[in-house]
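I'd like to ask you about the structure that follows.
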Amino acid sequence: MKSHTVYRTFQTEGRRELIRITADVQSAVDDASVTEGMVLVAAMHITAAVWINDDEPGLHEDVMEWLDKLAPPSWKEPANDVARELLPDPGDYRHHRGGEDNGDAHLKNLLVHQQAILPVTEGRLDLGPWQQVFYAEFDGRRPKRLVIKVIGE
Amino acid sequence: MKSHTVYRTFQTEGRRELIRITADVQSAVDDASVTEGMVLVAAMHITAAVWINDDEPGLHEDVMEWLDKLAPPSWKEPANDVARELLPDPGDYRHHRGGEDNGDAHLKNLLVHQQAILPVTEGRLDLGPWQQVFYAEFDGRRPKRLVIKVIGE
Amino acid sequence: MKSHTVYRTFQTEGRRELIRITADVQSAVDDASVTEGMVLVAAMHITAAVWINDDEPGLHEDVMEWLDKLAPPSWKEPANDVARELLPDPGDYRHHRGGEDNGDAHLKNLLVHQQAILPVTEGRLDLGPWQQVFYAEFDGRRPKRLVIKVIGE
């Protein structure tokens, strides 16, 4: 069995950002010389995520608006009454008592997950036509790491 | 290390459908002649999901009602005020500007995930007594593919 | 390729409980003598979850409060109007017609997932500085199993 591990560091300018990383994952597979196997892509932080979905800007805005309602930040006004009621009662995350303000980013990480595992077949990521891999940053502006691990033959 | 890859195509009659695929996954493991390893089951589309849960019809209805509130379609009336507020403001998904109407299916895919990975022990899916594998279609009525990838010895 | 499988049984005193299991997962990797590979950690039940996040008590309370709104139990009063509207209409889960009362635990399992897969590099779980592995029980007070499966070289 072969294995190959690659780390990438992201330092986004904005607090939240979506970065397409499909080519990075394919590069790691190429460098591993693995033709049949699996590749794990995982954020090494608890306030970021990895997901596989469409690379369509309208959808990306939809997802971010929706995540801010389901897992609302407390550093800005809630989007509406549902977002307000999904905040802790009363008012702010217990997690913020230590000085943090990223409670919502932890919840988003739990909701959409910090990892994806992809099949590798004949040396290629075995994805459908619209599937792209994304690193989703929910609390950026500082260096954060991602691990890509390939195993196979 | 052995590996074995199987594709299945689903064309559901309804827009949304839940299909139990545990036996298909076990068949792929049998054909791989793998006794110890892992099997990845992944939708190759961004509007479907794979999950492991109970095969209980009441629960399936509960899940579908709940997902339609958390990730509401815009092609039917929102179920209630919470569903209405979880829709984009105002009214419809940006993703639909290109003529699509399946924005909700993308969000459901992110919420319950397009993949599961299962342990294989002594040639069997190493699942608990109530665990069944499901393909969850959220935007069917057209051919959609699933990949099952087994690796191990 | 080496493989190693470990089972753990939890019987929590409370209905819901969060148990840190990072050391158990590392022990399984040590016992497998795997230096490069992956480890799958999966609840064998459909009313429990496995996740990777921060070991911070305030956050844990935040998560549990939030999950009780998004996937509300029907054995206690809904936390607020959003939780009430996310319950089935009218009133109770169809899943409870068979005498169960754990519908919410099934939904929570779907939301935060029953499994995580971790990279193993140089014999160690390849996690970021704040990442801890948790078993999340949503319907305890009876014996429930977890499987840890290591594969690699």
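First chain written, first letter: the chains are A, B and C, and each begins at residue 1.
One rule holds in what follows: a residue touches a chain if its C-beta (ideal position, glycine included) is under 8 Å from a C-beta of that chain, and two chains touch if they have at least 3 such contacts.
All figures in this text were calculated on a predicted structure; none of them were measured in a lab.
Annotation: the subunit B:subunit C pair of sequence copies touches via predominantly different residues, less than half of the used numbers being shared. The best fit of Cα atoms from subunit A onto subunit B calls for a rotation angle of 120°, in steps of 5. Subunit B and subunit C have centres, each the mean of its CA atoms, that are 19 Å apart. Touching of two or more other chains is recorded for residues 1, 38, 70, 81-82, 111, 113, 117, 151 of subunit C. Subunit C makes touch with subunit A in their complex at residues 1, 36-38, 51-54, 56-59, 61-63, 65-66, 69-70, 79-83, 111-113, 116-119, 121, 126-128, 130-131, 151-153.
Subunit A meets subunit C in the complex at residues 1, 3, 5, 38, 40, 42-46, 70-71, 81-82, 85-86, 88-89, 93-98, 103, 106-107, 109-111, 113-115, 117, 145, 147, 149, 151.
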